[in-house]
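After this come two complexes, each holding subunit A, first together with subunit B and then together with subunit C.
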Partner chain A sequence: MSDSTPIQRLADQAAAKTPPRVVKRIRGLSDRAIAWAFITPTILLLLAINIFPLIWTIQLSFTNYRANRPNAEVENVGIQNYERILTDSDIWFAMQATAHFVFWTIALQTLIGFSLAYLIDRKFRGHAFWTTIILIPMMLSPAVVGNFWRFLYQPQIGLFNYIVSFFTGLPPSSFEMLGTVNLAPWSIIIVDTWMWTPYVMLICLAGLRSIPDYIYEAAEVDRASKWRQFWTITIPMAAPFIMLAVLFRGIENFKMFDMVNLLTGGGPGSTTEVASITLKREAFEKWRTGYSSAFAIILFVAVFGLANIYVKALNKVKNR
Partner chain B sequence: MSGKSSAHSVVEPTPVTKRIAGAVVIIYALISMIPLFWIFITGFKSPPDSISYPPKIVFEPTLEGYCNLFTTRTRQTPDYIQSLPPATETCDEITRSRNMVIAGASNYLPRFINSVVIAFGSTFLAVALGTLTAYGFSRFRVPLADDLLFFILSTRMMPPIAVAIPIYLMYRELGLSDTALGMILLYTAINVSLAVWLLKGFIDEIPREYEEAAMIDGYTRLQAFVKVVLPQAATGIAATAIFCLIFAWNEYAFAVLLTSGSAQTAPPFIPTIIGEGGMDWPAVAAGTTIFLIPILVFTVLLRKHLLRGITFGAVRK
Partner chain C sequence: MMDAHEPPALPPQKRFTPRSIAEGLATLLIAAGFIMLMQPFAMVLYTYSFVVLLAGTVLFIVGSKFPG
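And then the complex of A and B:
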C-alpha cells in the first residue's frame, strides 16, 4: 500500500475524477448490493454463453434437427437418439479409443512426471532453471505444436523416424507413425506425454515440497530405510497432489480434440477417433445435430461427474 | 549414508545423489526441447533442405520460409523474371531465384492480428469481470457460494466440441459467426472461470484489515476496493491476465469450428499453409516460431505462478 504503483496512481486519478454526487450515491450502496453487483455480470455471461446453449442442446437432443437444413421440419423423436448412441458400435469404438488414450497418457505422464519431480526435489544446482525449461511444452498451443509433429513423424524425412532408426537400425521409411493402425494411437500418446508430463511433474513437485522435513528426520531417527521412507512417507503424503494431476489430465484427455484432430484427424480409418473427434464428425461433417447433441449431453454428464470429484480433490489439497 | 556430514541435515541429499538427479533431469529437458529446436531451425531452411535425408542440422540458413509465410507467389517464365527491374528486397530476390514473383501478402498477418485482438479483448473482459466476482466471493457472504463457484469452474471443464454445437447455432442466429466479437465473448466466458478462481485465491490473501482501516478513514467500500485491494492484487491480476491470454492465444477447437475467414485466428490457419506440391514446412515452422515466441516469454515471466494457474489457485507454492 505504501508503494505508489502505476495502478495505484491510476486508481487515485480515477477516484479523484469521480464527481461528488456519484460518490454520494455509491456510498449508500450496501455491502450486499455490491456483492451482487460484482457477481451478477459473470453469472449472466456464463448463463448466456454456457447454460442457455446447454439447455438448447438438451432440447435438440430429443429431435432429429440437422443444422445444415434449417428449414426442414424438425420432429420430436423422444429418447431415440440416446438409444441409438448406446447401441452404436462406432460410439463404443470411440469410447474404447478414448479409454486407451486416457489410460496410457495418464500412466506414462504420472510415472515420468513423478520421477522427474522426485529428482528435481533433490535440489541439485540449477534445478530451478531446468524446471522452467521442462515446463515449456505444456504452455504451447497443442494445435500449432501438434501440427508440427506431423512433420517430425513423416516417414523417411521426419526427425522422429530418423532418431528411432538411428537407435534401432530399422529403416526410417519402414514405419509410418500416423498412417498405421497399430502405431497411430501411440503417435498421439507420445505427443500428449511430451506435452503434458511437465504438468504432472509440477503438481507432484508441489506435493513433494509440502512434506515437512521433520517427518523424514523422525523416520531417520527411527532408522527407517530410505526405501521404507519413500513408501510410507513420500508416496502417501504426495498422493492427494498426484490424484489432482491425474484427475485433471483425465478430464482434459477425455475431451481431447485439437492435437488429435491435427495429427491424425481420427485416422487411419477410425483408429484414433476419440470421443471429441467422433462428436465433431457427427455434428459438423454429417450434420446430425440432434444425434450429436445427445452424444454431447452424455459427454457433459461424464465430465461433470469427474469435475465434481476434481473440485473435492482441489479443496482437499487446498486445506493442507 | 546421510549421517556422515553433520553440516547437512539428514534430509539433504548427498552430492552424488544430486549429481545423478541433475544429469537425468537435464537429459530429459534437452530431449524434450528437440521438437522446439527443430521447429526453430526448420524455419531457416530452404524447402529442399527441410525434407532432405538424413535430416540436416548443418545447412545454409535462408529467410525463404519467412518470405513464403508472409507472401503468396506465382510461377513465371525465366524470361519474364529477366525483364523485371532488379530485386530490391531480400524476399523478392529469394522468390525470383525459384522462378516465381511475389503476388501479394498472405493471410498470416491478418490471422495473427486476429489472434492478438481476440486474445487481448477476451483477457481484458475476463480479468475485469473476474476481479469483481472474485472480490465479491472473497469478502461477502454470498448465498450458495460453493455451488456458484463450482458452477463457474465446471463451465471451463466442458468438452469444447459439445459446447460448440449450440454456440454454432446461436451465433448463426445472432450474426456472430466468424466475428471477432463472437470469439471474444466466447473466450471471455471460458476464461472468466479461471480468472475468478485464481483471483479469489489472490484476494483471499490480502488481509481484510487493510480495507477496514481504509473504511474507518472514511473510504467507501468501493473506494477501498479501488485504492486498497486492486493495488495489492496487482501481481495476481497480472498473472491471471497472462494465463487468460495464453489460453485464448492457444485455443483451437472453437476457432476451427466457429471461424473460417475474417475472424480466423492463427492456430487454425497455420496448419493450412501449403506450398507448391505439399506442405511448405519451412513456412509452417516460421509461422509456428513467430506464434510461439510470445508464449515462451510469458512462461518465463509466469514461472513463479504457474502452479497456481494450472490448479485454479488451489496449490499456492
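And then the complex of A and C:
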C-alpha cells in the first residue's frame, strides 16, 4: 500500500525540490551535529547578551573605572569596592528599604492572592468573568500603572485621597501619599500589591485545582470539619505552589525599579530608595562605574541564590 | 505470604544523599545570607552577608552535581 498522507506528500515534494548538493550535506550530518546547529545561534546570543556583560561587570567591579571619564587611567583596586559597599550605611539603608518593600508586598500579595484563589475555586456563578476582571491589573504595563497611580495619589484631584477621605473623614488634601516620609513606602506597596496579587492568585488557583476531590471526600467520610480539611489538606497540598509564588515575587520585587522610579524616584529624601534605585544613582548620576558594578554583582549573587532555590521548589512541584 | 498480584517492592530510598545534604545546606546559607543582607539590626551581619550568600550559591552549584 502506498503511503500518501498529505504530510508524506508534502515531505516528498520538499525532498524533490531540495538540491542534491544540500541533500548530500544534510545526510552527512549526525544527529548531534544537527542538534548543535540548532542551538548554536541561541548560545551565541546568550553569550553576547548575558555572559559577556556579566564577565565584564565582574572585571569592572575590581577597578576604579568611571564611564564618564573613558580616557582616565583605570586602576585595579582589588576588593576595595566590595569592602566599601558592605560597610556603607547608606547602602545598608537602601537594603532595609528593599526588605520593607519585599516583605510587605509578599505578605499582602500571598494573603489576598490565596484568599481570592480560594473564593474563585468555589466555582460560583460568573466565576470566569470575575477571574478575568481580577487579572486585568497584571496585564497592564508597569509604566502605565505607575503613571496612572501617580494621578490617583494626587492630593487635590486624586481619587485615592477622596476614597480615604470618604472612609476616615480626613480632608482629601490633608495628606500626600507620595510626598510624605511615612506614607511614600506604603504607596508603592499598595500599587505593587494591586498589580501583582492576580499573579499570586493564578499560581495558588493552580495549586488548589491540583488537589484531587477524593481526598476531600475521604475527609468528609471521616467527618472532618471544613476548618480541619482546610488546615490538613488544602494548605499542605497547596504549600509548594504558595512557596513558588512567594519566591517568584521575592525575586521580582528585590530588583524592582520601574514602579518605584515612576512613582517616587526614591524620594522623599531617600525613604523609598530601594537597591535598584541606589544602583542607578551610583552608576548613571555619580558615574562610579566600578563601585556600582560591585554593587550589581552583590545583587546578582543574591538573586541568583534565590533563583536556585526557586528552581529547586519548581522541580518539587513538577515531581508531585 | 506474599500475594501473587502484589507489585514487587521498590528498593529502599536513601533519606540523605550527598546532593540532598549539600543542597539543604546551600539553601540554608542562601536564606541566612539574604536575611543578613536585609536585616536592620547589626552592621556586622550586613558586612558578612555577601560572603555567606556567595558560599551558599557556590555550594548549590557544586552540590547539585553530587550523586543522589
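Everything that follows uses one rule, which is that the second predicted complex is superposed on the first by the 295 of 320 C-alpha atoms of A that agree within 3 Å, B and C clash if a C-alpha of one lies under 4 Å from a C-alpha of the other, contacts with A are read in each partner's own complex, and residues count from 1 in each chain.
The rule we apply is simple: a contact is a pair of C-beta atoms (placed from the backbone, for glycine too) under 8 Å apart; a residue touches a chain by one contact, two chains touch by 3 or more.
Fair warning: this is a prediction, and the values are worked out from it, not measured in the lab.
Once the two complexes are overlaid through subunit A, subunit B and subunit C fit side by side, free of any clash as defined at the top of the document. If you stand at the C-alpha centre of subunit A, subunit B and subunit C are 150 degrees apart, rounded to the nearest 10. In the superposition on chain A, A:L86 contacts subunit C only, with no contact to subunit B. Contact with subunit B, but none with subunit C, is seen for A:K123 once the two complexes are overlaid on the shared chain. Of the two partner chains, subunit B is the only one touched by A:L152; subunit C is not.
When the two complexes are overlaid on their common chain A, residue A:T42 makes contact with subunit B while staying clear of subunit C. Annotation for subunit A, partner touching more residues between subunit B and subunit C: B.
By the document's definition of touching, of the two partners only subunit B reaches A:L202; subunit C does not.
Once the two complexes are overlaid on the shared chain, A:F304 sits against subunit B and subunit C alike. No C-alpha atom of subunit B lies closer than 9 Å to any C-alpha atom of subunit C in the overlay.
In the superposition on chain A, the residues of subunit A contacted by subunit B and by subunit C overlap at 304, 306, 308.
Across the complex, subunit A meets subunit C through its residues 82, 86-87, 89, 92, 95-96, 98-99, 102, 298, 301-302, 304-306, 308-309, 312.
Of all residues in subunit A, only 1, 3, 5, 7-8, 11-12, 14-15, 23, 26-27, 29, 31-32, 34-39, 41-43, 45-46, 48-54, 56-57, 60, 67, 112, 116, 119-120, 122-127, 130-145, 147-152, 154, 156-159, 162, 172, 194, 197-199, 202-203, 206, 209-210, 213, 216-217, 220, 226, 241, 244, 248, 251, 254-255, 257-258, 261-262, 275-276, 279-280, 283-284, 289, 292-293, 295-297, 299-300, 303-304, 306-308, 310-311, 314-315, 317-318 touch subunit B in the complex they form.
Across the complex, subunit A is touched by residues 1-2, 9-11, 13, 17-19, 21-22, 24-26, 28-29, 32-36, 38-39, 42, 51-55, 129-130, 132-133, 135-137, 139-140, 142, 148, 150-155, 157-170, 172, 185-186, 188-189, 192-193, 196, 210, 220-223, 226-228, 230-232, 234, 246, 249-253, 256-257, 266-268, 270-271, 279, 281, 284-285, 288, 291-292, 295-296, 298-300, 303, 306-307, 310-312, 314-315, 317 of subunit B.
Subunit C contributes residues 23, 26-27, 30-31, 33-34, 37-40, 43, 46-50, 53-54, 56-57, 60-61 to its touches with subunit A in the complex.
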